[in-house]
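Right after this note come the structures.
What follows is subunit A paired twice: with subunit B in the first complex and subunit C in the second.
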Partner chain A sequence: MADLTPADPGPRHILRGPAGGAALGGLIVPDQPCRAAEAGPRAALWLGPDEWLLLGFAAVETPFAVVDVGHRSLGFRLAGPRAAELLAGGVPLDLSPAAFPVGTCTRTIFEKAEIVLWRRAEAAWHIEVARSFAPYLCDMIAAIAAANGIGGQER
Partner chain B sequence: MLLIRCPVCAMDRPELEFRHAGQAHVARPADPGAVDDAAWAAYLYLRDNPKGVVAERWRHVHGCGRFFNALRHTVSDRILATYPAGASRPEVAP
Partner chain C sequence: MTAFRLPSGGRIDRGRTLRFRFDGRSYTGYPGDTLASALLANGVHLMGRSFKYHRPRGPVSAGAEEPNALVAVGAGARHTPNLRATQVELYDGLSATSQNRWPSLAFDAGAAGGLLAPLLGAGFYYKTFMAPGGAWHRLYEPAIRRAAGLGTVPGGPDPDTYTQRYAHCDVLVVGAGPAGLAAALAASANGARVFLVDEQAECGGGLLAEPEALIEGKAAAAWLAEALAALAARPGVTILPRTTAFGCFAQNFVGLAERLTDHLAAPLPGLARERLWKLRAGRVVLATGAIERPLVFAANDRPGIMLAGAARGYLARWAVKPGTRAVLAVADDSGYAAARDLARAGVAIAAIAELRPHVACETFGLPVRPATAVVGSIGRLRVAAADLRPIGGDSVGGGGVERVPCDLLLMAGGWTPSLHLFSQARGKPVFDAARAMYLPGEHRPGEAPDGLASAGACRGVFGLAACLEDGYAAGEARGGPATGRRFAVSGDLPPAGGFEGLVPGSPARKAFVDFQNDVQAADITQAVREGFRSIEHVKRYTTTGMATDQGKTSNINALAIAAGALGRPMPAVGLTTFRMPYTPVTFGSFAGHARGELFEPVRRTPMHAWAQARGAVFEDVGQWQRAHHFPAPGEAAADAVARECRAVRQRAGLFDASTLGKIEVVGPDAAAFLDRLYTNSWARLAPGRCRYGLMLNEAGFVMDDGVVGRLAADRFHVTTTSSGAAAVLHHMEDYLQTEFSDLRCWLTSVTEQWAVIAVQGPRARAIVAPLVEGVDLAAFAHMSVAECRVAGFPARLFRVSFTGELGFEINVPAGHGQAVWEAVWAQGKAHGLEPYGTEAMHVLRAEKGYIVVGQDTDGTVTPDDLGLSWAIGKAKPDFVGRRSLTRPDMLAEGRMQLVGLLTDAASAPLEEGAQITAAPPRTGMAAIGHVTSAYRSATLGRPIALALLADGRARIGQTVHIPMPGGSLAATVAGPVFHDPEGARLDG
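Now for the complex of A and B:
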């Protein structure tokens, strides 16, 4: 089983600057590569040494550069015991819990689409994708699920 | 598929996430006005093409987005080392 559902359509921003370790909206902006920090509805995902994806921040009070990217990309949740197996059909990373533990996030690719992949729990994932690639992503996930006998609902 | 170690992400990552970005350690003349046309053309256009170990710029374009340098053997296609942009070329056994 693996269910693909739209994530909360909350605000999303890109934070740029030397912000690693800074306190922001009740969380600490992660300084370590490929780590995400989560506090309530808000999350900060490390994308690069001076770049983070902020999810759920209505307003960002910071001396660093912030760009609203809510019109650019949207998120999906993929959850279920076979979610990692399904993702492995399109993502060329090692998604075993040892190599990609809970709290890991990274920009990567899913087939031909660039995504941000975040493991929120052992069997719960967040996928961030450009809006124009969202139908492609959903179609590919459905195709991989069908080809591998992974049931689930797509909404 | 090649696995390439990104020195920024500190992880082995799949080749598909990277872009090649040309020869590394090509130094721009400090005073472009002082070099003649031949030297400027050589800086712009002339690159090494050895059989053996080359130092190249790579970019983790579908990852952290950052440039770094790699030593690659042009015969075996093995990547022998990766190191941050700006660091000097490490010594490796080919």
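Now for the complex of A and C:
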């Protein structure tokens, strides 16, 4: 089973610049590709060599470029033993625990929508999707779940 | 129990009887049956009519290669044509119909076409239906389509659901026969992720029809069950029956079509009918087996004539006797295994016509006639006798022919390795002359197909023990030690021998090579006589191998006959290309969920619901839906647009500009970066001020434009066209990363962060002012930007205009868009505020001569062509496209320049895209430009147009002509600004 529920991670910012390894709000900005660092309600997701998605930071003090993107995307939590199977309906990446361990994050696609996918636990995922693509993503996930007999869907 | 069902045995469930219908008649069968096995158990061999001659046909095979027994299953929208009865799994209530017959299978009026057979030979389409012109489409093609169809299309849109899934594995094994099972066992021994797929309902391949063989002391069926159980117990193993690997693409990307519900009488509602797997494998082991070859002799196509291995399969798997008295035409040792199994099941073996002079294998005391060919058959709807002739006997006139009565005639012509997937993966087949078969060629690591190996019969390794050992070795991890695992097998009768081409002493006419396309040996020799030399041409001329079965049973025989006619060795004739799909795949599978509402993402702005509630008519702009106009009840679109335009010019209008592309450019070098990307100068733009920016590509042509606001020394809010947003961001990021990596500045797309509410018109300030906190609007000049609060929400307020009127664009976080829109709407009511859509926006901007990039430009337009030279920072040392602007043709006379066109006030607007001529148009005259935008202007009470016109500015005041559907219109060339050329209205 797998459940899709809205997840409001609070404020969102994009941090750009040579910030890898820097201390920020109680966490270290991850230098390693496709890794997320978490500290309490805050997280920094590596999206590129000079780009991170910061979740849960009320304000960001840094010498680099910070842009408020709190309304740019919507967050969803997808959890359950069949969540990875459901994601494989639209994500071309290898989502096995060996290839995509807990703490991995990446920009990818779900069918025709660009998403940020972050594995927070073995069977719990966080998805960020641009606001206008959210209805498409949710409807597509619901359709894939129904077609594959994966229940427990919520919108 | 039905007449031809054996009392025991078979892999069927006799505990339950299934009822089904074929061509309206009721029959029974068992779970585990295919439609073909169940019909054969009922004594029904006649299952279809042939494509061209409407000859009666029965199943020649028991599997995917079946060329004859094509049926349609289901009705209405679920009607599925061209299914192979040998693959259709039986369920209770199944209803199937034969194809290509009228009025009935047993009496087919079209069979009279057989009388015309001499006229329907190779290339008859090309020769016969040439004249009169047009008759092909009107007359011949419809008639031929009706007479020679393969099924009919379903009666409605597909009501089923299809799903897709990505998967990744270490090893994919295609085919769950002995080689594939052994490969999967070896590959998964150390916990690797292994996919084992098989197109049949049951895994096992050839093991399912091996009643005699023992593997490691166990019956083949028992060994199979243990192997499958062992595989299923390994967590890394995924076993997918009913799954066809239909396509093998680059880097071991393999398409799998899994049939989920077709075998069920009542599938759970909502579940997908099929699942398309998009699988990426580290390694692929192809264990796709081999397909038995028919023998080509005259009248080798009657019902009751089938492959020897198929008959064995029907006996062992479905406990079906395919006949009572059999003649076998044998050129391969495996034929004797079929003869043995049939004899033990009580089928009389009338004769075994052995093509070879000597037989080396066990013949079980059966009546073998060495050096004898079957050269013909008789019978109407079922074979009644075979004509046997000693090889070397009289070749003409029937001398030496013995007619042997039978109701079953089996062909053991040898085996053709299945190279389809290997070939699709860019593998090169090589010809083994000694065995007359194409085999997978050797390849070096790094060459296509890398990480792909063939094992077992598909690479010419025959016999159970050899296949198991070959498969095991192929499955073992690369780089590790090969275990050299052996398998002890007894009771197996491996294939050896084989024949290809027309059998000696048989006429070539009615000797079918390709059953599905009705291609005879005579057609191929005729094609050669007519000058075709390459098999690719012979194939297209005769259509051999071009049916839905892609020549699985016919390919090698066709090659051999062509080679023989040409007097050249087989490989010199060439080998046709194997293309995906291996067997047909439904369109539904490829479409997956991408149909209807989910075909494409539909992007809606934060204020969409408000516009919808107002009755807005939307238009698609890329993936966005934008309000085109807001008609009052009963109001025509043109009237609504005119009303909206008047509202903006006279009072105020409210416009949703949220789809504008937005990029936040941040960093100490942000201004320097924009200086290089835009033609304009940014260094001296003060924080709090905006500027219209023009972006060129390297070639110097306009690629985008938009207003850029400076929020702080190191922060710019850049807007782009709605459609250019992604391209501009990529263009900028590309330059930043590759050319200007010295600049400390970074880009972030904020298109979806901000909802944009445009308030335009003389009352705009009065409407917006009460909602704004933190900015003194009285002192807020045109082209200003400020961070403030609007309606209580944080906002970026721009004073800009795309209408020529006093205007504001309120940017608020998208989640607050609707609330702020409603606040503005409430505030504006007293001022006569009206919402306006994209069409009014276009009219208003055209009245002012403001361009739309991509509409008034076409990728060949410079700033000067548009009259925008003022937007070029003359003092700047460089910017993208600057160098190109000095090329001679960019400065030459005669360039297309943006102008306005004024036609008679009462005329209809010009057509956008219409050509422009210097004199009234006539044939042969060259165009001197084209119309880019054209509208009826309510403000001016006349049609207006923008155009790109050669030397346009020099022609102002002249008359030009525009051909229109009702005749040409004359227009006066004007400047592109029709309304308020002084710009006085920008201040309200």
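Just so it is clear, the second predicted complex is superposed on the first by the 154 of 155 C-alpha atoms of A that agree within 3 Å, B and C clash if a C-alpha of one lies under 4 Å from a C-alpha of the other, contacts with A are read in each partner's own complex, and residues count from 1 in each chain.
Simple rule for what comes next: a residue touches a chain if its C-beta (ideal position, glycine included) is under 8 Å from a C-beta of that chain, and two chains touch if they have at least 3 such contacts.
Keep in mind that this is a model prediction, so the values were computed, not measured.
Asks: Identify the partner contact of A:4: answer first if only subunit B is touched, second if only subunit C is, both if each is, neither if none is.
Replies: Neither partner.
Asks: Mind working out whether A:117 is in touch with subunit B, subunit C, both or neither, as first, second, both or neither?
Replies: In the superposition, A:117 touches no partner, neither subunit B nor subunit C.
Asks: Of the partners subunit B and subunit C, which touch A:19 in the superposed model: first, second, both, neither?
Replies: neither
Asks: Touching A:37, do we find subunit B (first), subunit C (second), both, or neither?
Replies: Once the two structures are laid over each other on A, A:37 reaches no partner at all.
Asks: Have a look at where A:92 lands relative to subunit B and subunit C in the superposition and call it first, second, both or neither.
Replies: It touches subunit B and subunit C both.
Asks: Applying the document's definition of touching, compare subunit B and subunit C: which contacts more of subunit A?
Replies: Ranking subunit B and subunit C by residues of subunit A touched puts C first.
Asks: Is A:45 in contact with subunit B, with subunit C, with both, or with neither (first, second, both, neither)?
Replies: It touches nothing on subunit B or subunit C.
Asks: For A:149, select first, second, both or neither according to whether it touches subunit B, subunit C, the two together, or no partner.
Replies: second
Asks: Applying the document's definition of touch, where does A:107 land relative to subunit B and subunit C: first, second, both, or neither?
Replies: In the superposition, A:107 contacts subunit B only.
Asks: Which subunit A residues are contacted by subunit C in one complex and by subunit B in the other?
Replies: The overlap between the subunit B and subunit C interfaces on subunit A comprises residues 51, 92-93.
Asks: Show which residues of subunit B lie in contact with subunit A when the two form their complex.
Replies: Those in contact with subunit A are residues 1, 8-11, 13-14, 16-17, 62-66.
Asks: Which subunit A residues qualify as touching subunit C in the complex?
Replies: Listed in rising order, the residues of subunit A that touch subunit C are 14, 16-17, 50-51, 64-73, 85, 88-94, 96, 99, 111-113, 130-133, 135-136, 139-140, 143-144, 146-149.
Asks: Residue numbers of subunit A touching subunit B in their complex, please.
Replies: Interface residues on the subunit A side: 33-34, 47-49, 51, 92-93, 106-109, 114.
Asks: For subunit C, which residues are in contact with subunit A within the complex?
Replies: Spelled out, the residues of subunit C in touch with subunit A are 161-168, 193, 268, 270-272, 275, 278, 280, 593-594, 597-598, 600-606, 623-624, 664, 666-667, 744-754, 813-816.
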